[in-house]
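By written order: A, B, C, D, E and F. Residues from 1 in each chain.
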Amino acid sequence: MVKRYAATCTHVGNQNIMAEGFKTADPLEYHKSFLKENCRPDGRELDEFRTTTLNIGPISTAEGSALVKIGNTTVMCGIKAELAVPPSDTPDKGYIVPNVDMPPLCASKVRSGPPEEQAQAASQFIADIIETSEIIRKEDLCIEKEKLCWVLYCDIMCLDYDGNLLDTCIVALLAALKNTQLPKVTINKETDLPEVDLLKKCSISVNRHPVGSSFAVFDNTITIVDPTADEESLATAVMTLVIDEEGRLCSLHKPGGTALSGEKLQDCMGRAVTRHREISKLVDKILESIKK
Amino acid sequence: MSPMKLCVPGERLCSTEDCIPGTGTYLRHGYIFASLAGYVLRKNEGEELPVMSVVKETETQLLPDVGAIVTCKVTSINPRFAKVHILYVGSTPLKDRFRGTIRKEDVRATEKDKVETYKSFRPGDIVLAKVISLGDVQSNYLLTTAENELGVVVAHSEAGAQMVPVSWCEMQCPRTHAKEFRKVARVQPEYLQA
Amino acid sequence: MFNSFKEKISEVLLPGDVFTFDLPDLASNVKPEKVICGPGLRRDGDDVRVCKCGILRHKPPNVFWIDSQQKRYVPVKGETVIGVVTAKSGDIFKVDVGGSELASLSYLAFEGATKRNRPNVQVGDLVFAQFIIANKDMEPELVCIDSCGRANGMGVFGEGGFLFRVSLGLVRRLLAPQSEIVADLSGLFPCELVVGLNGRVWVKAKSTQQTLILANLLESCENMTSNQRQALFKRVADGAL
Amino acid sequence: MDLSVHGVSPATREFGCEQNLLSRPDGSASFIQGNTSVLAGVYGPAEVKVSKEIYDRATLEVVMQPKIGLPGVRERAREQCVRETCEAALLSTLHPRSSLTLILQEVHDDGSLLACCLNAACMALMDAGLPMSCLFCGITCVIDTDGQIITDPTLQQEKESRALMTFAIDSTDKRVLMSSTKGSISIQELQEAIALSQKASHRIFEFYRGSVSRRYSKTLK
Amino acid sequence: MATVQVSEAEKLYVLHGVRDDLRVDGRGCEDYRHVEVETDVVSNTDGSAKVSLGHTNVLVGVKAEIGKPKPMVPDEGYLEFFVDCSANATPEFEGRGGEGLGIELSNTLVKVFSNKHCLDLKSLCISPGENCWVLYVDVLLLQCDGNLFDAISMAIKAALFNTKIPKVHICEDEDGGKEIELSDDPYDCVRVNVENIPCIVTLCKIGHRHVVDATLQEKACSVASLLISVTHTGMVTCVRKVGGGSLDPESIFEMTETGKRVGKALHAPLMELLQKEESLGSKRQKVGFLG
Amino acid sequence: MPVDRRRIRGPDESQSPYHFISKESQKCLASGDRRSDDSQRGPLDIRPIFARCGLNSQAKGSAYIEAGNTKIICSVYGPRETERKDETDMKSGRLVADMRFAPFACHKRGAWVQGNEEKDLSLGLLESLRPGVCLHKYPRSQIDVCVMVLESDGPALSHAVTCASLALADAGIEMYDMVLGCTVRHTGTTQLLDPTFSEVQDDQDGVFVENQGSVTLSLMPNMNQVSGLQSDGVMEQESLKAAVQACIEGCYKLYPVIQHTLLKTVRKNAPPSEN
């Protein structure tokens, strides 16, 4: 790192801006000077994820919860279950309602008020993933056809935003769902009202395990994995690949930006597959540890 | 070496009879109290009494103050003034952007009426400036570059290359050799690299 | 490259179309000609790339540009425009010319104006002025004098007359050296006609009625062939409309 | 691999486009793909709010209006896709500190709506005369239950499909600028779909050229 | 909050006056300004009252509507508060200027009044889990000259005293569905028991002492105030510190003591006044808004 | 009621399962004596507190507090440019406090949109913190304090105050004193310090208990000044006084923990050897 720093200084030449100043004054050049040497300002390789940590079930008021950190980026997902009448067009299904929120505490740029575009797009993205991968079978959420079903509110909140929101959200959602336990509900024949037995709880079956891998593209040539907030804002494009355990794509989400060649896409795909293995292992390990 | 004393805000450090209050402290009822969490420093600075201050690991110059040297980026210019974003106060980066204004008459010290902002700054330039006023309700921080050491330090030419200063009012593009006008800051020798 | 340009003259081009240098013919060892790129063409490394859609035009010997139809005006240095004074602040006027920001106009930039003798310009007045500064980095600046300090037709508009907007393409046709439209129009009614390159046209004829007829005719020229136009003008001249 | 898919040009519905049909915006276009129709309007470069000002480029905002009701989260996600695609094509550094606004009004949705929005957006940006480094087009593909890939599907075909992909493709290198997918897709299927979309893009860009030429032939003679 | 600018000299004058138990308008530290209460001032409400306290003027209207009980308490009705800070009261409220204060006031009113200790919420229940009375209490600030809370609380107590809720009959139709029938007779109504409804006393700390019913000028001289709501028995139902400053524990104890004493004493004359006005019935002389 | 178009909506109506708890399991929920959360805890003990500073990478300062099951996170941003300036901002800075509950923080799912109660708590937080911050040092700027209650089991406001003042100190914002929060639940004759959620619940059986209420107080321990005070319920003035005193004592019990947390942070960020 120290060596890199010196190199940056000479790059700036005789200007009386210190190396740290260079970062703020011309952040793009600063990052590019690292990428040229196949490394990144935080010392990572181009295809290296930040440390991912997971805490499953930290919130006792939620039916299921998980806290995920990828580097500094921290996301908490809490699952709250409520009872409702099934939708009229699919009377044998329940609801899953995911929302991603970026409250003002997660980043300096976020102002209080309704969610901004990024959070809304993330909500839609997560909703699409749930729909596509059938992570939970909505039929499993039905308690009695046409009468009663569960609504799973998956509230995903970013507590610290340092890039790569989508990957973190997917892991948090997956881990929280795996942690979710619903009480037993029966419908009382006399009153026609539901009766909830908090003593009998059972897990819901998680059907599929989607895992995301995000990439940032610099000038059509360099792709880096797991971008930080700085890297995201300087990159010319970002992309998220979501893969399930069978290696099928749940999503290729690239909301614009500069073009990406087929070969690069292929490389990213390969990285996404290994990432899936890493995350599955991590989730299983943590789940195992909390069972004990 | 004895362990350095630590304190949290609100802690009473000493009486004003023993010390002069420095940074990170405040005075109340004749005593000096800490206003920061950090290390307690007692320094003799040639005065009768030592100065008592509290320091954190990072510099706590959080706001541009009158007289402070700031590093800023020019965001827009018009014939009357240049608008800038203040990036640094001294050597401390600001986490949030503060806006400032360099008025035409504050660009340089001499021949003020002949100053043209267009020949002094361009959007994107990195400029060293000094805070002259916090401004009023409507305006931003008012800055000046009317000193030899102040002015443009980094600028890019039309061709996109970083230019080299050739005089106090001109910079040159290394690629096209075209010269452009700027209010150039004199490069201080201690920053020059071998 | 020159040849590849020539082939395309008067053709419609789209953004992203590229002109590459002809491979230098080693045998003949002819130097490639220089090309001057006008609006809508940009150098991209060794190539020239089209960035606006429109028709490729050529002005001998080697100037090429894209003639495109657009409505929003973007200030260009040296162009004359019609602006509306929207504010006075200190020693400048703020003028709306239809661009992305207001242009400034110094009160000294009028013929005969001095610090004591300020021109009589009010908020809401129309001015005919020329850009002396217009580029992406700066606030555009107008003047109402030429390089010799003469008004040269520029300044504040007088009473009466009618201001309306037409497309930038039509404006350029009106300002062409021998514009048929202008010739035809002035054949109908005697009038004063001021055309700003920002798509604003000011007309004043003898009566309000004539002014309005002229304005309407001009607006309808937008999408007419010259034959259609001449037919229309003839009907007006005959008093049919 | 079904080679026949690669052999023939992928099927698309009939296109229609009209530029400069609205008088208020600085650029406008309507784009029709079969029964799907979108109206686009562009304003700018215009004055920008101080809070949204970017010192070295224009600020682009995209607003998407559904046919019925008010825009929701889905529209916001699509706006993001369209905006970032446009940003890749526009030379927004030529108009720093100004605002560009693109409004997309859904007129009718009969499948491939996002693709149609992208096409309408591109035509409207061109109409406004905004400088662009290249053009882009949108193509939607679906994979039906038999594993067949259908380009430019109708709403019915979308409903019956098991996967849906929309790509934006640039005119210079025919690469993927934007991708938005739904449904489980194998990597092979993805590659086939991209290849097909790239093929289909030629057709759309041809249509763009024809459409613009027609417009200029009308006005500039 | 509506504020006035006070110079240092004025501040010192007020401070010294308070020290000597003599305020600028001649009152002692625990004296209220002249209070006027009038009920039944708005005809299209179910209960209303107007209170003026010095130059502070507030109008409260109560509207009773049938709503659904809250799921957690199916056998209770509830109150909803809305405070309208109209630009009439002070130009500062123009546009959205009064919104923040309005929310602050109504949130505090909820805390003070909307609990079962001060009002028998069960009496507002019509049929458990299905229907209940919702009392919409709308507060309109007509003029602000300090001490809004005290004036509003008196006005709310008076308006609730004045509130007449129509009697209802629940009848069952053939299908077993329930139907609610409102009594047509305007005299066939239920009254709200306002006995336990507290009054708010705001104490402003000025210098080392505190005053009740501070004017805007006095408020500007104070760093913090304590708002205490007291019932007729002298029970304290709500305490809140408001304002940017802090208080030492000793003065908090003194202030609660004063608050309790002053607050307790407020109830009897207020009730007396209300009952007297009620007994006059239609014979009473209406003062109205221009009086 | 306008519909929230910026979030994905669920069914129009859904109800918490806690409204339909069967009789048997209800008993189990309410079982156990008070102070069930920690058998060691006496009525005037606070819950063991876990506090840490500097967890948020984006904020100028941040803190996290865990007291029993109550979990609160706070970030401080600024001083930054005030968005809307007025005359008073020129002389001294503006403190802005925003307190929210995560939708999953309570038994009943909360809405994303900040409700009146959260606004009221934000105001209470602001008024408790403001006397402690040297705002005159930050002219023309604003300091934003954002508090998120991740899980609420007992007095959110008092812990939020403590957490926020830790975050302010971590941010290096100059303060006259730390601000600590404490809540006491008073029932009849007993006082419970730092009550859990079940302890502050009014008796659902509808038995009217005289002299019952809660007091939340914020204290600046070195100056011995109360910067915030809120109470509800119905209490005799003497009980109120006793509760206030209990809160103050509670704050002093809390102070060493907070002090320790801050000092640890200072030491971690800059080990003494380097100075």
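Please note the rule applied: a residue touches a chain if its C-beta (ideal position, glycine included) is under 8 Å from a C-beta of that chain, and two chains touch if they have at least 3 such contacts.
Molecules present, by chain and UniProt name: A = Ribosomal RNA-processing protein 43; B = Exosome complex component CSL4; C = Exosome complex component RRP40; D = Exosome complex component RRP46; E = Exosome component 7; F = Exosome complex component MTR3.
In this text the structure is predicted, and so the values were computed from the model without any measurement.
Participant: How many hops, at fewest, get you from subunit B to subunit E (Exosome component 7) via touching chains?
Facilitator: 2
Participant: Count the C-beta pairs in contact for every pair of chains, then give the pair with the highest total.
Facilitator: Counting C-beta pairs in contact for each chain pair, the top pair is A-F.
Participant: Central chain, going by Cα centroids?
Facilitator: Per-chain C-alpha centroids ranked by distance to the global centroid put A first.
Participant: Using mean CA coordinates as chain centres, what's the gap between subunit A and subunit B in Å?
Facilitator: 40
Participant: Measure off the straight-line distance from the CA centroid of subunit D to the CA centroid of subunit F, and report it in whole Å.
Facilitator: Chain centres of subunit D and subunit F, defined by C-alpha means, are spaced 49 Å apart.
Participant: What whole-number Å value describes the gap between the mean CA coordinates of subunit A and subunit C?
Facilitator: About 52 Å, centre to centre.
Participant: As a quick test, compute the distance in whole Å between the mean CA positions of subunit C and subunit D.
Facilitator: About 32 Å, centre to centre.
Participant: Specify, in ascending order, the residues of subunit A that touch 2 or more different other chains.
Facilitator: In subunit A, residues 108, 120, 123-124, 127 touch at least two other chains, as defined above.
Participant: Going through subunit E (Exosome component 7) residue by residue, note those that touch at least 2 other chains and give them in order.
Facilitator: Residue numbers touching two or more other chains: none in subunit E (Exosome component 7).
Participant: Two or more other chains in contact with one residue: find those residues in subunit C.
Facilitator: Where subunit C meets two or more other chains at a single residue, that happens at 137.
Participant: If I apply the definition of touch given earlier, which pairs of chains qualify?
Facilitator: Between chains, contact exists in these pairs: A-B, A-D, A-F, B-C, B-D, B-F, C-D, D-F, E-F.
Participant: Quick check on the complex: what are the subunit A residues that touch subunit F?
Facilitator: For subunit A paired with subunit F, touching residues are 58-62, 65, 72, 74, 76, 78-85, 87, 95, 97-99, 101, 103-108, 112, 114-115, 120, 123-124, 127, 151, 153, 155, 157, 159-162, 183, 185, 193-199, 229.
Participant: Report the residues of subunit B in contact with subunit F in the complex, numbered from low to high.
Facilitator: For subunit B paired with subunit F, touching residues are 3-4, 6, 8-12, 24, 26, 28, 33, 35-39, 55-58, 60, 62-63, 95-99, 134-137, 141.
Participant: Under the touch definition given earlier, write down the residues of subunit C that touch subunit D in their complex.
Facilitator: These residues of subunit C touch subunit D: 12, 14-16, 18, 40, 42, 44, 49, 51-55, 67-72, 74, 99-102, 136-137, 169, 222-223, 225.
Participant: Enumerate the contact residues on subunit B facing subunit C in the complex.
Facilitator: Touching subunit C: residues 76-80, 118, 122-123 of subunit B.
Participant: For the complex, give me every residue of subunit B touching subunit A.
Facilitator: Spelled out, the residues of subunit B in touch with subunit A are 71, 73, 87-88, 91, 93, 95-96, 126, 128, 153-154, 162, 185, 187-188, 191-193.
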